[in-house]
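Next come the structures, one after another.
Note that subunit A is present in both complexes that follow, paired respectively with subunit B and with subunit C.
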Partner chain A sequence: MQLFFQDLVNGILTGGILALVALGFSLVYGIMNIINLAHGAFIMLGAYITFQLFSSLHLDPFLSIPIAFVALFILGWIIQRYVINYVVRAPILTTFLLTFGLALLLVNVILLIWTGDTRSVTTSYSGANFDIGGITVPVVKLMTLIVALTIAAVAQTWLVATKMGRAVRATSMDVGAAQLTGVRVGQIYAIVYALSAGLAGAAGSLISVSYAFSPASADSFLIKGFIVCVLGGLGSVQGAVVGGLVYGIVETFASQYIGTGYADAVALVVLLVILIFRPSGILGKATA
Partner chain B sequence: MTTERAGGLTGSQTAIYAASSAMLALLFVPAAHSDYLNALFRGILMYAAMSYGWNVIGGYTGYVSFGNVVFFGIGCYTAAVLATHGTTDIGVSIVAGMVAAAIFAIILGIPVLRLKGHYFGIATLAIALAVQDVIANIDALGGSSGLSLKAATLFGAAVPYVATYYGMWAVCLVAMIGTYVVARSRLGYAFVAIRENEDAAAVLGINPTKYKVLAWAISAAFGGGAGAVFVFANGYIDPDTALAVNNNIFPIVMALLGGIGTVAGPLLGAFILTAINETLWNRFPFIHTLFFGAMIVLIVIFLPRGLLFLISARRSWNLYVQSLRAYRV
Partner chain C sequence: MKPRIFAFVAILAFVAFLVGPLSTPVRAADDVITFGAAVSLTGSLAKEGHLTQEGYDFWKDWTNAHGGMRVAGKTYKVDIKYYDDESSPQTAARLVEKLVDQDKVNFILGPYGSGSTFSAAAVAERKKVPMVEGNGAAEKIFNQGYRYTFGVLSPAKRYLEGIVEMAKAQHPAAKTLAVTASNDLFSVEVAQGVADYAKAHGVDVVYFAKYPENSTDVSAVVSAIKAAHPDIILNAGHTNDALLVHKGLKEQNVQALAYGYSVGPDTPDFRAALGRDADYVFGAAQWSDAVKYKGDKGFIASAAQYAAEFQKRYGHVPDYHNAESTAACLAFQYAMARAGSLDPEKVRDALAKLDVTTFFGILKFDDRGLNVFKPMVVNQIQNDNLVTVWPTDLAQAHVMWPTPLWANR
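Our next item is the complex of A and B:
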């Protein structure tokens, strides 16, 4: 039973990061209807920026979150404005291949700058953990969870309570109707894509503290983002958070009871089953 | 996507003549006695066959699959398992690879082809990744360290290594002719009807599920055949090689580059993309993937309807510019 609760806690702690990984991906998917395969590369860029700031300036990784966010926000804006904007309404094949090409490009730029070596950010408090009723909680993972949920809450508030957020939601519901009411869809798309990239950058910062990473990790986080989105439903903050936590728990238990070799396969099978029986996610409406 | 191209569902007739001549010429590549050229053109034929496979489901039927590499992998492992436990006959392996891949596509297709658009794309991508994971965990298939193969035979006699070239040529020819036959038959019209409007197709009496599954099975057979020959050429197979990301994405980019839903497109795309990729490899051995990524971006933005469309639209620059602007906001 102790082990069960330990796994549950580990799963929830992992889930926070997964929620943030999925959040940006989900926004672009839900609002622009684009599967952004470059999302994993954005995350890795965030992680490497944090790594660089830590190793050359000894900046605390949690303090570099805003820097990674802003850097990726700007990059995302540029990519949307000058690349994706040309095909934003194209069929899925076009956008899928385009973002795949972007991912290839970005991952290789990372390889060129930082090589393919596995990196990690080890702070003075990295090994610290505390104990609640026999369950071990690593400090870094708890901080990560808190930061991730805070960012998600801020994003949700922005979407619900601001004028821009309302315009974003209007665009996701009906592009034509949004345009009729004066929403500049091009601008909304640019902001959503930039925001998504920024969130990926923030997620990357958090990942750099908890995981060892290399440029190849981009794919693994991209797929996790996918799965979380499908679990939670697209384009909603709550969906990403619930999906992230559920997936974190599923992943932890799968590697505990089925074996780590099958952990990804199990996750992907879960994804397939959900796609087939509940194509709009656990929280979504039951329409395909 | 529209169908108002010259030559109906097959694409331009001239392009088909050119592609057929190219296939004939490819038969004489081994006459140069160059191992490098054999390997290079075998690669082109392999990707062309896979691209033809993708074209049937992604191009004609409009179900954009990002998991067709699975069928290539099934072909690889069918041939590998046959070679370990039964026969090394390359002809038998090709047929077995095609059949096994088609059966797998039917089993997979019945649930998965219910999904549409993005969901189908994601699901197929997930299948590709899951199959790679599962194979890596099956000891009978060599797990993640893979299986080694003996040399190929044909009708009980040992054949020289160059047989793998002719084998790949044959698979590519089958894929090309198969695509032509499909495009000229009622089958092709059913596929395109589903692509253009699935509900309307159903109203016209086309059973979408049946035809979609059939399209995927044909698609899978081409990839499976290519996989079976590849294993003999490679002499060795592991999950990372069989289900490599390149094997998944190259065929799609090739079909897009040549022209989706045409008979000549995949071969043309395979030629050009392999040539470019090879040049990038030689010039920039360390960063060729970077350029390759940039190239995909450029192809998608500037050639969204392929080279064949560009060639046929040569007298109408406006039409081309229009096609570029179509998807902007």
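Our next item is the complex of A and C:
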């Protein structure tokens, strides 16, 4: 029983970071209808920024989250404004190819700057943990979960309560109608893409502390983000959070009780089953 | 204007395409012996791939600086043609084929990793070009009946045996073992090998699990290890796995007498990434600069001197990936000298009969092409330094035993 609850805790903690990984991906996918294959590379950039600030300036990784966010936000803005913008209405294969190319480019730039070494940020409090009734809770992963959920809550508030956020949601519902009411869609797209990149940067910061990473990890996180956002439902903050937590828990339990080798397979079967009964994901809007 | 520039560029590209093949070198321009290698310079094994390339290049530069190679009274410069296999076995196979067919290399040096080596070996066999490899230890490579592939490594199944043997000899002695493995060709053989060894030597295997390759999270595996209360915790995987598992063990406060990894502790980034948490960790190694072999004439004879010259050249101490890659080149060097020829068939036969001692250890192959004659060593990280602790006759320091509780470090 103790193992069961330990796995539940592990699953939720893993799910928190997955939610943040998926959040930015989901926004771009849901609102701009672009499957952004460069998202994994953005996450890695965030992780490397945090790693660099930590190793050369000894900056605490949690303090570097805003820096990674802003840096990636700016990069995302530039990429949207000067690259993606030209193909935003193009068929999905075009944006697919473009973002794939961007991903290759970014990953190889990272490789040039930071080499292929496997990195991880290890602070004085890394690995600290506390015990509740025999269940060990790692402090860093708990903090990661809290930060991830806080960021998600802020993003959700922004989408619901601000004028800009409402414009974003309007654009996602109906581009034409949004334009008619005076929403500048180009600007909305730039904001959404930049925000998505910023969220990836923040996710990268958190990953650098809890996990190990190398430039090649970009793919693993991209795929996880993709699955989670399809699982939870596209384009919504709640969808990413619920999807992340469900995926984290399913993966952990599958690994423990069905066989460590089957964790991915079981998670994908669950995805399939959910998509059969709810084609738009757990919290997705029913499509016409 | 724009279309015209485009057309011009297109024509240029077309011309380059036509001329390209003409300008590539033909087979063995008289006084150069060309080796070909597809190593992982990008992708998940980029780190180890770069170490492989350094090991090859060190031999090449050393040989050329010392007058080149003499084969049958003639002096040759050596050159190595590289491609990046992007850490993908399929790509490695394609590139090795290209090295033989288009680049007309004389011989093949192995890629990094058992997966890529396995697929490259099939190509070497089909093309009848000898390949010596120093970075694929899975026995599966050598159980195909291939005649043209030779590996200078101790086989995968022996990687972690030394740690169990060492742990049994300490006080308090280890009695139980947990083994986890990344589900790849090499790691599964390592894990299976050490589990079999443990059972045969009276150590209980209380937990054994394979998890998917390139996992980003292993917390479920770690909590299962914790529930099994093993004395020794071993992981077979690559550097990424070692870091993930070790961080996870500390996070979930899993205590054991010893923690060991097949790949990781040897590379400087393991210590850089973990800081003092890396202390007390055991690592298996094909080689360390503490080994005391006295090499035959023709190359740097001792491990210590190799380490010193290597550090001068690359600015870091060589780890075993560097050394085993250099050793692969040495196998060719001695075999060619013995064959007195560059003929692939004669060099292959000389490799099969090779029996030399180098700074890396003995180079001798069984009839499958596998070097089963060289032992492994066990290293431990002590106060942020990697030292050889087992076998005792090679040890630079005493084993620090047992590993203290996480809370007391």
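Just a few scattered comments:
What we mean here is this: the second predicted complex is superposed on the first by the 277 of 288 C-alpha atoms of A that agree within 3 Å, B and C clash if a C-alpha of one lies under 4 Å from a C-alpha of the other, contacts with A are read in each partner's own complex, and residues count from 1 in each chain.
What we mean here is this: a residue touches a chain if its C-beta (ideal position, glycine included) is under 8 Å from a C-beta of that chain, and two chains touch if they have at least 3 such contacts.
Keep in mind that what you see is a predicted model, and the values were worked out from it rather than measured.
In the superposition on chain A, A:Asn108 contacts both subunit B and subunit C. Contact with subunit B, but none with subunit C, is seen for A:Val269 once the two complexes are overlaid on the shared chain.
Of the two partner chains placed by the overlay, only subunit C lies in contact with A:Pro138; subunit B stays clear of it. In the superposed pair of complexes, A:Gln238 makes contact with neither subunit B nor subunit C. Residue contacts after overlaying the shared chain place A:Pro91 against subunit B, while subunit C stays out of touching range. Residue overlap on subunit A between the subunit B contacts of one complex and the subunit C contacts of the other covers 107-108, 261, 264. Residues of subunit A that touch subunit C in their complex: 2-3, 6-7, 10-11, 13-14, 107-108, 111, 115-122, 126-127, 129, 131, 136, 138, 140-141, 210-217, 220-221, 224, 251-253, 255-256, 260-261, 263-264. Per the touch definition, subunit B reaches subunit A in the complex via residues 1, 58, 64, 66, 111-112, 114-119, 121-123, 125-127, 129-130, 133-134, 136-137, 245, 249, 252-253, 256, 260, 286-287, 289-290, 292-297, 299-301, 304, 324, 326-329. Looking at the complex, you find that subunit A touches subunit B at residues 29, 33, 35, 83, 85-94, 96-98, 100-109, 112, 185-186, 189, 219, 223, 226-227, 230, 261-262, 264-265, 268-269, 271-272, 275-276, 279, 288.
Every residue of subunit C that touches subunit A in the complex is listed here, in rising order: 41-47, 49-50, 87, 180, 183, 209-212, 214-217, 219-221, 223-224, 226-227, 239-240, 243-244, 247, 250-253, 267, 269-270, 272-275, 277, 406.
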